[in-house]
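What follows is one structure encoded as structure tokens, with my remarks underneath.
We call the chains A, B and C, going by the order they appear; numbering starts again at 1 in every chain.
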Amino acid sequence: MTRTLTCIICPRGCTLQAEINGDSVSVSGNACKRGEEYGRSECLHPVRTVTAVIRVENRPDCALSVKTAQPIAKEHIFDLMAVLRGMTVKAPVAIGEVICDNIYGTQVIATGSVE
Amino acid sequence: MKNHDIVIIGGGPAGMAAAVAAFDSGVRDVVIIDREDNLGGVLKQCIHNGFGLHKLGKELTGPEYAHVYAQQVRERGIKVYSGTTVTRITSDKIVTATNTDGILKIQAKAVVLAMGCRERSRGALNISGTRPAGVYSAGTAQKLINCDGYMVGKRVVILGSGDIGLIMARRMTLQGAKVEAVCEILPYSGGLTRNIVQCLEDYGIPLHLSTTVAEIHGSERLEGVTVAQVDQNRAPIESTRRYIPCDTLLLSCGLIPENELTLNAGIELDKVTGGAVVDQFRQTSIDGIFACGNVLQVHDLVDHVSDEAECAGASAAKYVLGNPSECGRITTCAGEGVRYVLPQRVLLSGEQVSLYLRVREPQTGVKLVVKSGERIIKTFPRLKAAPGEMEKLDIPMSLLSDADKTLTVSMEVQ
Amino acid sequence: MIYDIAIVGAGVCGGMIARELSRYDLRVCLLERANDVAMGASKANSGIIHGGFDPEPGTLKQKFNTEGRELLFDAARELSVPHIRNGSLVCAFTPEEEEQVRELYARGATNGIDNLHLISGEQARALESSLSQGVTLALHVPDAGIVCPYKLTIAAVGNAMDNGVELHRNFEVTGIEHSGGIFTLKSAAGESVSTKYLINCAGGHAGKVAAMAGDDSIEIIPRAGEYMLLDRSEGKTVGHTIFRAPSKEGKGILVSPTADGNLLLGPTAVRVDTPDSTQTTREGLAAVARSVKESVPNVDLSRVITSFTGVRASHAAGDFIVGQSKTVDNMINVAAIDSPGLTACVAIARYVTDILGGMGVQLDRKPDWCGKREDTEAFSKLTDEEKDAVIKQNPAYGRIICRCEEITEGEIRAALHINPPALDMDGVKRRTRSGMGRCQGGFCAPFVMKLIAEERQIELEEVTKNGGSSKMLTGRI
């Protein structure tokens, strides 16, 4: 089976051709190595980095921006969002702090700071 | 009246990078005037990732990218007047600003303009219908959601497929809203292809090209919009009108450089870019006033903003340190298929000059041709070119001479 | 409690009548169905102080325009409302239109208006360089002017409140009982107000309100006018108000600076179903653009910052209706106040007061009445040194919230306190211009929302655009 993909790794957005044979995928059309990795991953187990904000319980009109430290499986995105929507943190929080450990195989970390 | 060597107006990505570059070029008395309480400008609300690949070699979110530059500003001890809004700049470089301490006046030796841009509003788009709550420019909604932690709506239509519109479609979806459609009046999207994939296709959000919002409905809160396909003159086609119930309309229909201060200072503006006319050192028509970032030309990547700002900051430092060199100058102009070329003036100085431009329409298999009169100076082949992606053409100065008066850049189909 | 007088409708007439009555020792209330005053035709009209040459001699329009013009300039001054005597030009492009303009000139003389001048196209272009080459004759009216109509209404109501008048907002009259010499007005929300005298200033709904009291003689014809407003950068495109020769539909599409420094284009004149038909249409805005390009070709339509529709309350007979109801005792109708209603409003208010006197209302002047209102835009007019001094006293004046119009937190907080306090986003906008500039609130809206929530001590989610269910937010993330 072949699939045509748009690489989302960088703004260049290469059009990729992926030839899929069971667990082996050969990718063409990529301008760099990362494109090849993306093509393979997208065909076998697509993943995305998720970014979001969570509420800060002692700062009513302020939200903390967060991201997953590694990309997570696409099918878990909404489950993760449900967890994050139900969560609050307490200020102060510094950029880089781990907000949630070991969730869908990665961590959720703060991308901003709240004093 | 205070005195500072270099005053940078704006604490977003352009202002921060310009300040750091000016400092590193040998001027110590550099200050940033920022109307917000924290450095970072619009990056603070751009919580998505995709920033910094080119400039920092890693993929960061907006707040993280801002943090890198804010740290650099702090490490150098560059003074930041935060919560301070500049209200006037004069041609002799007196900057007037307001903050809670009072009215501040600074005599600067050089000024770097880095005020950024604003979004085109519903009024400017002249969309007909009623005027209910729930019609937001996409960036305003982005701030309310990402910085303040409030949702603006539950059922959403987005007009405009620029990157902000696409990013907000995903953002609203992840936050539990239903995005009914993204409508784009042009036959192509103005956003990056990767954003169409990861923001719309990932979530099954339809993108309707050559389609606009023809009418807004609802008396108090928005109740729905009528969308319609448009003809070649971008006028809605009656027979294609279709009602979509929604409580929120987000507008992502273009960014406009914020040049009211620039205009009042008497600086020459370019009608096409909406920013100042500059040379390759980002100096405006007034000596010692420089411009960079989205106030100069609307960029699609923050990395390019940082590059441009470093150039402006370093040039401002050079101006203050004073080594003027007389040299010839050439003007640039946009030819067939090209919307604009920046810088508008090229001084015959330095090793090479980078020309930035945007094409008028998406095209595959093209070449961008730089000419002086009939003489071809350099040709740049491109597999594809699109209005949403700024092109950069590097031209060795050795190819240019005093004899050249005007450089024309045009797009030719191969 | 029984009021002496209840006024239904806080438009410019209701507001001016309230202010006029606040001079006297009376219990007066003003009932408004919306979340703010000036929410009907008073917020969306041309803002013109008409010269007085136009109305048919012998009509109420003519009487109140002639009497009212200078009274309005005086009131605008006392109430510190932006106004300019910028003069107007009525322009003819064809021999037929020239004839009409000559007629207007003659009518002006009949109406007792002096200082009118018929001038050639050349002379008109000497006064107004942007004027079309196609203009062949013009009527120059140096005494005409412009005023901000909603600020005038807000100021009139505010001044009335300062002098004791009570304003009840969100009071939509749904029923009126009249017995034993007392009117009892019921609201949609179930409240009621009792009064001895009733003044009907309900604008587009005046027919409905009169009918509730038992007078079904008023039939209002709602007529929509669409406008476009341009950035302040374009405010000097013309100095005078530029009219076309009038048509059956009205005074035609004008080009005018506004008292706040923008450029205003419009209105169209289209009969609509209801007084609440305030939507704009593609056709209407296109018609405005077309007409404007004929009279002032260099108007830059790319500088439009907003468009809106005002619905004027007209009447088949063509004249204002101002007087005692013929069928209901102790009720005065002030209805069908379309153009030149703004110019006429102070004269109407005086006339209504005289009628009340004639009906036996005791008009005892209050010794402490003050007709002046503080200038709510005073801060923006200060020099840098003066601003600096104010900021040192109150740092909120040093925080600029609306960058386009340079409006500070101090001014916005004041607008949430000064009579009649703003309750919503649009209310703040009309009082301070915050959000009225080129970005149309894109940057300042989140900050203004927080200030409203803070000053009114409500949750952020409760902040509305203009009352009712017009909430800005749908909840926390």
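Convention: a contact is a pair of C-beta atoms (placed from the backbone, for glycine too) under 8 Å apart; a residue touches a chain by one contact, two chains touch by 3 or more.
Since this is a predicted model, take the numbers as computed values, not measurements.
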Quiz item: Between A-B and A-C, which chain pair is linked by more C-beta pairs in contact?
Solution: A-B
Quiz item: Taking each chain's centre as the average of its Cα atoms, which chain lies closest to the overall Cα centroid?
Solution: B
Self-check item: Mean-CA-position distance for subunit C and subunit B (Å)
Solution: 39
Quiz item: From the C-alpha centre of subunit A to that of subunit B, how far is it in Å?
Solution: 26
Quiz prompt | Chain centre separation (subunit A, subunit C; CA means) in Å | solution = 54
Exercise. Would you give the residues of subunit C that are in contact with at least 2 other chains, written as numbers and ranges?
Key: 460, 476-477
Exercise. Mind pulling the residue numbers of subunit B that touch at least two other chains?
Key: 145, 147-150, 175
Quiz item: For subunit A, what residues touch not just one other chain but two or more?
Solution: 53, 55, 61, 63, 85
Self-check item: subunit C to subunit B touching residues, read off their complex
Solution: 228-229, 233, 276, 278-282, 284-285, 304-308, 384-385, 387-388, 391-392, 395-396, 398-400, 403-404, 406, 408, 425, 438-443, 445-446, 460-461, 464-477
Exercise. Enumerate the contact residues on subunit A facing subunit B in the complex.
Key: 6-11, 13, 48-53, 55-56, 61-63, 65, 67, 74, 77-78, 81, 85, 95, 111-113
Exercise. Would you pull the subunit A residues touching subunit C in the complex into a rising list?
Key: 53-55, 61, 63, 85
Quiz prompt | Contact set on subunit C toward subunit A in their complex | solution = 450, 460, 476-477
Quiz item: Touching subunit C in the complex: which residues of subunit B?
Solution: 35, 83, 85, 87, 96, 98-103, 105, 118-119, 121-124, 126, 128-133, 136-137, 139-140, 143-145, 147-154, 175, 214-216, 219-221, 236, 247, 260, 263
